[in-house]
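What follows is chain A paired twice: with chain B in the first complex and chain C in the second.
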Partner chain A sequence: MEMELVLLTQQIMNGLVNGMTYVLIATGLTLVFGVLHIINFAHGEFYMLGAFFTFFAAKLLGLDYISAGIVATLGVAVLGILANRFFFWPLRKEHEFTVLLSSLGLALLLTNGGELIFGADPKYVASPFADGIVPLGPVIVTQQRMLIFAVGALVLVLLYLFIQKTRMGKMMRATAQNPEGAALTGVDIRRVYTVTFMVACGLAALAGALVGPTAMIFPTVGTWAVLKGFIVVVLGGLGSIPGALIGGLILGVVEALAGGYISMGFAQAIGFSIIIVVLLWRPNGLFGAARRA
Partner chain B sequence: MMARFLPILAVAAALVLPLATSNTYFHHLLVLWMLYSLLALSLNIIVGYIGELSFGHAAFFGIGAYTAAILGMNFGFPGFPGLLMAGIVAGAFGFVIGYVALRIEGPQFVILTLGFGSIIFTTTNYWVDLTRGPMGISNIAPLGVGAGFELSSALDYYYLSLLLVVAFAYACHALMLSRTGRAFIAVRENAQLAASLGVDVFRTKLLAFVVATAVAGVAGAIFAHYLTVITPEVMSLNYMVAILIMVIVGGRGTIAGPILGALIYVGLLELLRATGALRMVIFAALLTVSVIFLPGGLVSLWRRFADRSTVRTARQAQVEAGE
Partner chain C sequence: MRLQSILAATTAAFIAAGTMAVQAQEEPVRIAAIAPLSGPGAFDGQLAVEGMEAMVAIVNENGGVLDGRMLELVTYDDKGSPEEGVSAAKRAIEQDDVDVIVGGWFSSVALTMKEVTRDRILTIMTTSQHPDTTREGHDWLFRLNATSTMMSGAYSQFICDRMDLESIAFITINDDYGRLEVENYEKLLSECGIEVLGNEYYNKDDADFTTALTKLRAANPDAIYVSAINTAQGATIYRQIRQVGYRGTTIASAGNMNPKLVELSGPALEGVYSVSLFAPDSQDPELLAWVAKYEEMFDNEPSFIGSIGAQSIEVLAEAIDAAGTVRDYGELAETIRGNEWDTLLGNVTFDDIGQAEQNIYLIQIQDGKIASVN
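Here is the complex of A and B:
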C-alpha cells in the first residue's frame, strides 16, 4: 500500500481507539442525563479516580493490572452511590442550576482532594499489555488499545441488554419518561437513582482504568474527561446511548485527522467546532429525541 | 421602609470602607471584589433574568481585557475610550455568539456556550502574533486621560469600579421595573406563554445577552488596566466556574446576590489562605454545602428572616409570586 494511505489508515485506527475511550466516558454521562435529567460535571472525576484507584490497587495491594482495574471499577461504583446519596438525591426537586452547581462543587472537591491525597505529579499505570503490538495488515495497534476497544464494545452490549431486558432497566426507562408516573406505578425512584449513578460512575472508572496505561494520569485529568464527554453527548444527543457510541467514534477520528494533518492545537478546539455546527443543524444532536416540555 | 434605605446605607458603607485601613493589600481585595461584582451582575442578567446558564461569560471578560490591552499597546489608544471600545467589542462578540447560541436552550445551551468559551480561550492561547499567547500582555498602561490624570492607586480603581457597580445595579433595578425587564422574566418563566403575549422571545434573550457581555467586557478592560498584566488564564474554565459560583451562591435573579457572592468568593479564598494545601478542598466543601442547604443562594436567608419578622405587605407577596 502507498505510504500516504497507510498513514491515513493508522490515523483513523488511532482515532477509533481514542473514540472508544470517549464512548466509555460519555455513556455514563448520557445515562445520568437520560434517566435522571442531571448534567453531572463531576463525571470526569470518577474517570480520574478509576485511573488512580487502579494505580494504588496495583501498588499497595500488589494486584495484577486486571484485578486492580476491577477493584477500582467496583470501588468507584460504590463512591457513585455515596455521591448520589449526598450530592444529587437530596436536590432532586431543586432547580437544574442548583443541581449543576452541586455537581461542580463535587468536581472541585474531588480534584483538589485528589491533588492533596495522590499528589500533583503525574503517575503511570503499569499494564502487561502496554508494550505488546498487534499488527493489523499495514497498521499497528498496541495490545492495550485493542483491549480498550474490545472491553468498550463488550460493555456497551451488556449495558444495552441491561437496559432493554432487565426489570431494573425497565424501571430506569420508565423514570426517564416520567418520574412521577413511574413512582405511581410502584417504581422505586430512589433505587433507580442509586443504580444509575453506580453504573455511570463504574463506567467512568472502567474508562480510567483502561486508558491509564496509555497516558500519564494526574488529578486534574477529570476536567479533560468531562469536557470530551460533554462534546460526545451533545453531538450524539443527550440521553442517547447509540448517540454516545457514534458521537464518540466520530470525535475520536476527526480529532486524530485534524491533529495529524492540521495541528495539535487545532485538534483541541475541533470538538467544540463540530458541536456548534451539529447543534445548529440538529438542536438535539444526531440521535436526540425532542426535549420534554 | 427598611428595605428602601438599605441600598443607600450599603453604598455609604462601601464609600467609607477603604478608609478603615491604609493596607494596600486590603484595597487590592476591595478592587477585585468590585470588579467581580460587576462581572457577576452582568452574568446575572443571563442566568437570573432570562434563566439560561452561560458557561462562556469569562471569555467576554477576557475579550474586553484583551481589547483594552491591544488597543492601548499597539495603537496608543487612550484608556477611557478604550473601556468603551472594550464594551463594544465584547458586546459585538456577544451579539454574534448569542445570535447563534440562543436558538438552543437548556443543557445544550450550557454546552454550546462552554464550547464558544473554549474556542475563544484556545484561539487566544495560539494566536501569538496578536495576543502573545500564554505569555500574555504585560506593562499595560494605567487608566488615564493624557499624562496629567492617571488612576494609579488601588483606591482609585476601587472608586471607579464601585461607581460602575452602583450605576449598573441601579440600571438592573430600573430594568426590572420596566416593560423590557418584565419581558425578561416572562421569557424565563414560560417562553411560549411570553411569545403568545407578543414578547419576541429571541430578541429579548439576545438583548439581555449583548448587554451582559458588553458589561463583562468593560469589567475586563478595567481589570487589565488595573493589574497591568493579562494572560489567557482569565478565560479559563476556572474563571467561568468562579463567576457562576458568585451568582448562584449569592442568589441568582437578585441584585444583592451577585455582589454578595463576589464578596464571599474573594473573602473566603483570602481567609482560607492560612489553611495552605487544604484551601481549595475547604472552599469546594463550603460551596457544595451552601448549594445543598441554601439552593436560593445567600440572599434567601434574608428573605426567610424578613418573612418571619415582618407582616407581609401585598407588594412583597406580589414580588414573591413573581419568582
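Here is the complex of A and C:
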C-alpha cells in the first residue's frame, strides 16, 4: 500500500514536470493566437531551435549550460522578431487560412533547414543537472527536472505580471480585444506584433533549452512539440494563458498516469482522445470564451 | 582561318556527341536506397545510406559492374513509417524505373514494403529483424540481418549463462519487431529460470520514457532489457534509466549498437552488452577498405547499420556480375541463392527463402568503445 502511494506520487511528479514543458510550449502558441489571431504551425520549430542553439552556444562559444540556455532563448526571441518582420507582419491582411498554411511552410523550411545546417544526427545538450538526483523522501526527481518546473513557474509569473501590469501588456490585451479599435486609440499594432512574437518564440526556445538535457534532440522534434502544444491549447481554450497552464499540467499528469497504470503505448492516444472529448463537450476549451463573430 | 575554326568546332562537337552516345549505352545500374531520412530514425538512415555510398564508390572505382556500368544510388525517405515505405517503393518502381531496391531498415517498413515489390523487383532487406520479412517474403527478396529469432537464440543463451540474473523487465518499441522481441525473450529467458517482471511499450515518436521506466524500476528487476531501434530514442532511454534512479543491469537489444549511441548515452552504456553482425575489431581487408573510404567521404564513424548497407551493395555488385544481368530477376535471385559471397562482414550465404546466414558476435561497451567479447 505504502509502495503504491510512492509510485502514484512519483508518476504525478513525472507528469507535472512533463506538463510544465507543455505549458511553456503552449503559452507561446496561445499568446500568438489570443493577441494576433494567428495559428502558428511553425511554433514547434522555435522549440527545436532553442534546444539546438543551446547545444551550439555551449559547444562553439564554450558557455556553461545556463548561459548557453539564456543566449539561445534570446537568440530565438530575435528570430521571432525576424519571423514576424519578414513573414507574419506582411501577411497580416491575408485570410486566416493563408497565414496558417504559410506558417506550415515556415515550419517545413525551418525543419529541413535545421537538418541541413545542424545535421541529422541526434545531439545531447549537456547539463550539470542532468543526472543529479534529488531525493524527496522515497520520491526521486533529477535536478534538471526540478529546474524545468521552477523556471517554468517563474517565467509564467513574470509573463502574467508583464501582461497585467505593464503598458505593453495592456496594449497587447487591447489588440486582442479589437485590433482596429486599439489602433485608433494610438496603440502601435506593429510593436504589439513584434513583442508578441518575441515573447512567444522566446518561451518555446526556453522550453527547448530546458528539455534538451533530458532527451536527445534532432531537427524534427518540433513536430512533436507543436502537437503537444495544440492538444494543450485545445484543452485549455485557444487564446487563454491560464488555460494553457492548467491544460498543460493536466495533459502531463494524465499521460503519466495512463503510462504508469495502463501502458505508455496508449499515452499518445489518450492525448488525442482528450481533444475529441473536449471538442464535443466544450468546443471552446476549459477556459476559452465563445468567440464573438 | 575562320573556316578552320568552324571546322574544328564542328569536329569537336561530333566527337563530343560520339562519346555521349557511347556513354548513353553504358547506363548506370540504379539502386533505390529507401531509408528513414527524417524523424527520430533520420540519423540511422543517414548512416545506412552513407555506408552504401562508400561501397558504391569502391565498386565504381574498380570499374563498376557488367563491363563498365556504374552503380548509382537513388535515395528515398521512408520516414521510418510503413505507409511512407510503400509509397517510396511505388515511386521507385513506377516513376523512376530503378533496377533493384535496398530498404527495410525497420521491420514495420520491411513487412509492408515487401508486398509492393513482390513479383516486380529484386529487393534486399537490410537490418529488419522480423522473421516474417523473409518467411512471408517472395522469390526475389533477400534479407541480410539475422532475424530476431536467430539473434535471441544466441543472446538469451549468453544472458542465461553469464549474467547471473534472477529477474528481468523489458522496455520495447511498439511495432512488429518489438512485440516479437518480447515474445521471444519472455519465452527463452523464462526457460532458464529468469523471472519476467514486466514489459512497457513505447511509440516511435515518444521523447520521454520516465513514466514507463518509473514503473519498471518499481518492479525492481535485476536487469532492464532495452529494445530501441533508433539512436535518438535509444540514447534517451539509456540516460533516463539512470535518471529515474535505477541502478541494476542494463541490457541492449541485439543489432542496435553504434558509436553515436555510445557517445550520446555517456556513462549510462558503460559495460552494457549487445550482439551484432559487425565485429568492431575485425581485420577483414574488405572491411578496412570500406572503413577507409567511409572516413574519407563522411564525418560520422562507420557503424553496423552502415556496414549492412555496404554489404547489400557488395552482394548486389558481385551477383550482378556473376549472373551477367540486372533485370532478369529470376536469374539474379538464383545466383544470389546459389553462391557464397565474400563480404566486408565475412562470408554470407542465403537459404531458400532469402535469409542470410552470417556470423553473430557478442559485444560490450568498454571505456566508451564497442569491443567484441569472447
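Going forward, the second predicted complex is superposed on the first by the 292 of 293 C-alpha atoms of A that agree within 3 Å, B and C clash if a C-alpha of one lies under 4 Å from a C-alpha of the other, contacts with A are read in each partner's own complex, and residues count from 1 in each chain.
The working rule: a contact is a pair of C-beta atoms (placed from the backbone, for glycine too) under 8 Å apart; a residue touches a chain by one contact, two chains touch by 3 or more.
Because the structure is a prediction, the values reported are computed rather than measured.
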Partner chain(s) touched by A:268 [first = chain B, second = chain C, both, neither]: both
Which of chain B and chain C A:260 touches, first, second, both or neither: second
First, second, both or neither for A:234, with chain B first and chain C second: first
Contacts of A:224 with chain B and chain C, given as first, second, both or neither: second
Which of chain B and chain C A:9 touches, first, second, both or neither: neither
Partner chain in contact with A:194 - chain B first, chain C second, else both or neither: neither
Residues of chain A at both interfaces, chain B in one complex, chain C in the other: 115, 223, 265, 268
Touching residues (chain side chain B, partner chain A) in the complex: 47, 53, 100, 103-108, 110-112, 114-116, 118-119, 122-123, 125-126, 237, 241, 244-245, 248-249, 252, 277-278, 280-281, 283-285, 287-288, 291-292, 295
Residues of chain A touching chain C in the complex: 3, 7, 10-11, 14-15, 18, 111, 115, 120-124, 130-131, 133, 140, 142, 144-145, 211, 214-216, 218-221, 223-224, 255-256, 259-260, 263-265, 267-268
Contact set on chain C toward chain A in their complex: 37-40, 42-43, 45-46, 174, 200-203, 205-212, 214-215, 218, 231-233, 235-236, 239-240, 242-245, 260, 264, 266, 300
Residues of chain A touching chain B in the complex: 33, 39, 86-87, 90-91, 94-98, 100-102, 104-106, 108-109, 112-113, 115-116, 223, 227, 230-231, 233-234, 238, 265, 268-269, 271-273, 275-276, 279-280, 283-285, 291
